[in-house]
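Encoded as structure tokens, the structure appears first; notes follow it.
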């Protein structure tokens, strides 16, 4: 049904858009090992996105392929949370964003393995292994940076202050999730687990949980409703530029 | 004397020198430089292709390209490790790269101007690299030879993927076919230059061949590449931008036109279309990452101290 | 005493206070703050619209938009100059803006999410601004009143351009009409909030009206805006997102639904969708420009010294 | 004819693309006065571009409007010199680029007033006044920055070193210019004038003419042949994103 398709787009767009941000780090990482790791994580997320977007095309009955959703939707049709689309201006922001998003996504996927939709359950099953690695990679860096030098600590504190206003959005139950009981995971349920992991990692990093207010949505909507930040339009302009310039082409 | 005889013996019998073996200083230096320049090429080579990851026009092509660029980072890592077995230091080698004291393959100083370039780099540039590298799998230095075996295997895979992309594009729209032809026009001659200067202008070839670091001359490899590539171009339906290209039944090889060696010299000596940008990007990544590497080192020291206190 | 009587007299006779005139300290402070916040709003207001200049989908619209944003920078300049006539210092006021000690119009803390937003900002946001500002052309402080006359003239022009863009889009494709409706949905309520809190929750209104800095209450201006805008929305063919909106023949005005004042408070106090980004951009421009301003000052000093040596 | 159209695209694309780079400075200038000035120059150049692109659509007989050329050409069809498309990473690079390009363009436009094509002559006539102001603005800043503080001087030296490899390209006669004798201006003719102005400004700025080698083209082509730098694709992705997403729309 349409709700299932919409739910697949939510989870798929999160992965597609975060993967895009990781792709932008290519040839810019602090060490070659991180070059490899970031590309690897970007690739895993891209793989998750492809499966989920393809599933959306089945679920909504149109049979449209993954590329339709990635390249020919407008900004307001993308359903990712706003945190996924943020530009990461330094490595601390990158790992802070990754820690938050992968911890959240891992907790959701763990539950999603029990989804009544067998395709979603299988995607989640595969994703859990990947996300465990992603989360650990991010967590290790957060600890190193937080408990590293004065500079790295200051940057990491700033990064979490910057990321935090978009955290509340991750745990707001969307109507689609409410209606898909048994198929979708209600993100409210994973908040405690998320808080536990974050507290543990931040404490190992000798950091505190940021005390900053949540960022409001627009006209009652946030990322899940297609209401994004101003960064999103530029991201899509880049992502879609070649595909849109050659709408008749096959690749 | 004894060590030297052993070294020469190993070389003569086509066996491999290993890190524990004695080796002449000149061999060590040459080998470190060669491996490092190869590593630099892998790392700098990520840039022209990496330029299209975020814009790849299908998710499948995006995944293929991202995986390929990741492989190149991996190749860079193996190769720097091989250089380390000879006493090379990665930081020192990176420093030499970004200060311009060590080179990388000149082909990466050309820009990628359309998505077809991704395919053409796979087909021609990886193809030429494989011609150059297959013999290196029998290099006299063991760790390098083993790294090359793995790298060549992955590069063959990349080459096939590149060719397959071009095949798909050639059966697409007119604009796609033009993109492919244009990319071929731009990359054909630089690919031929990848084999280095002509034999009569290649001073290091003799010593490298004696040490079995190198097994074929530049011109031999170049000819092999041309012979291999012309039929592939025909199958693809593109025209190689050389009016003098033709089959020579007497030689049993394709003849080809004169290479513009002045262009190669200009590019090698820094005046190519992207030299500054390539080195600048690598420098920026290295310098922007300094605080991160320092943080990791500081954290490791703290952990060590904590362990000692606890012990 | 004498000065004070003169000041009160000027106010009472609806004449203007000029920079050379004596004025009460409280008036001066209020006036500087009001003018500065107005100037800040012009400068911050460049961002949401400026966001679309490089992407404007026709060159004509690009030129119109770039000219408009340039006008806003110009308005900011006049207004900072007016504040300077009262002893305000531009650097100090900029510092207050980027440290969050002075505000700007909250409407600019909403993002622009499609090109239709450019039209809607022209129509609704500039429309509301004009309602607020026309009475300020009769402000008791001369330089401010004169600046407002010029600004209002330019803003009317901008408003017509915005409305014209929307008219064009509404006669375009279905997707364009949806973009316009979506932009209206997002900007309608924030536009109503531009008139400030309801009169019974607006502590400064009485003093401002006594000094003739302000001439109408927030609710009066808001009603005027609604009455003006509803027929324009009908002509355009968009639906204003308020089910309670309806003509009240008794009052001779449109009734409208309850405004979510909690949202306004959240946005004013920093939790709006773009507060951080807006101030951050302004801070970055100011800080990144510091070396340029220092260079200009250093050069001016050198020139001065050279002149003195030559004299 | 086609040559005239091509020539109009050359001059038009230079203006369009440099204007885009100036537009990207909007809300990022060091002072409000510069905010106004940069927008103003961007607007003048945009105006020149519009006239020239419209003229191209007349000259090539297709009657296509300015927007066709701006929004629906591929990268290889743009004819601007590569210097116009460079990203300006700081204010010194901005003013160095502007000084070079506007000095060159002004010299060309002064001669173009005598063009046998009356439309080009009229565009040049109007443009000369604008470009004189643009050049003076850039020159004043180059002098202030070069003869300002140590920091500003170092940045200005670096900026000119960066810009200079793309200067030679400006004075290479293109076949189109060769064939359009009497209509087009051969840029070789303005090299001396350019050198004089630059020497004068750099000397007032206490700077030397950079000694760096020219940047090679690609397969014998440069910007005028549609062979650009890697920055160009991103610039066009942004410029064309909305227009390409709505190819049927009118604005």
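Structural remarks
Letters are used for the chains, namely A, B, C and D, taken in the order the chains are written, and counting of residues starts over at 1 for each.
The working rule: a residue touches a chain if its C-beta (ideal position, glycine included) is under 8 Å from a C-beta of that chain, and two chains touch if they have at least 3 such contacts.
All values derive from a computational prediction rather than experimental measurement.
The chains in contact with chain B as well as with chain D are A. Ranking A-C and C-D by contacting C-beta pairs places C-D first.
Centre-to-centre, using mean CA coordinates, chain A is 40 Å away from chain D.
Here the spacing of chain B and chain C, counted between their Cα centres, is 57 Å.
Centres computed as Cα averages put chain C at a distance of 34 Å from chain D. Shared contact sites, meaning residues of chain C that touch two or more other chains, fall at 55, 175.
Across the assembly, chain D contributes 74, 233, 237-238, 241 as residues in contact with two or more other chains.
Chains touching one another form the pairs A-B, A-C, A-D, B-D, C-D. Residues 74-76, 162, 165, 213-219, 227-230, 232-233, 237 of chain A touch chain C in their complex.
Chain B contributes residues 43, 46-47, 50, 53-63, 66-67, 69-70, 73-74, 76-77, 80, 115, 165, 168-169, 171-173, 175-176, 281-282, 284-285, 288-296, 298-299, 302 to its touches with chain A in the complex. Of all residues in chain A, only 16, 20, 23-24, 26-33, 35-36, 39-40, 42-43, 46-47, 49-50, 53, 66-67, 70-71, 90-91, 143-145, 147-149, 151-152, 155, 238-239, 241-243, 246, 248-251 touch chain B in the complex they form. The touching residues of chain C, when paired with chain A in their complex, are 48, 51, 55, 110-114, 175, 182, 185-186, 189, 241, 263, 266-267, 270-274, 276-277.
Contacts from chain A toward chain D in the complex involve residues 74, 233-234, 236-238, 240-241, 244-245.
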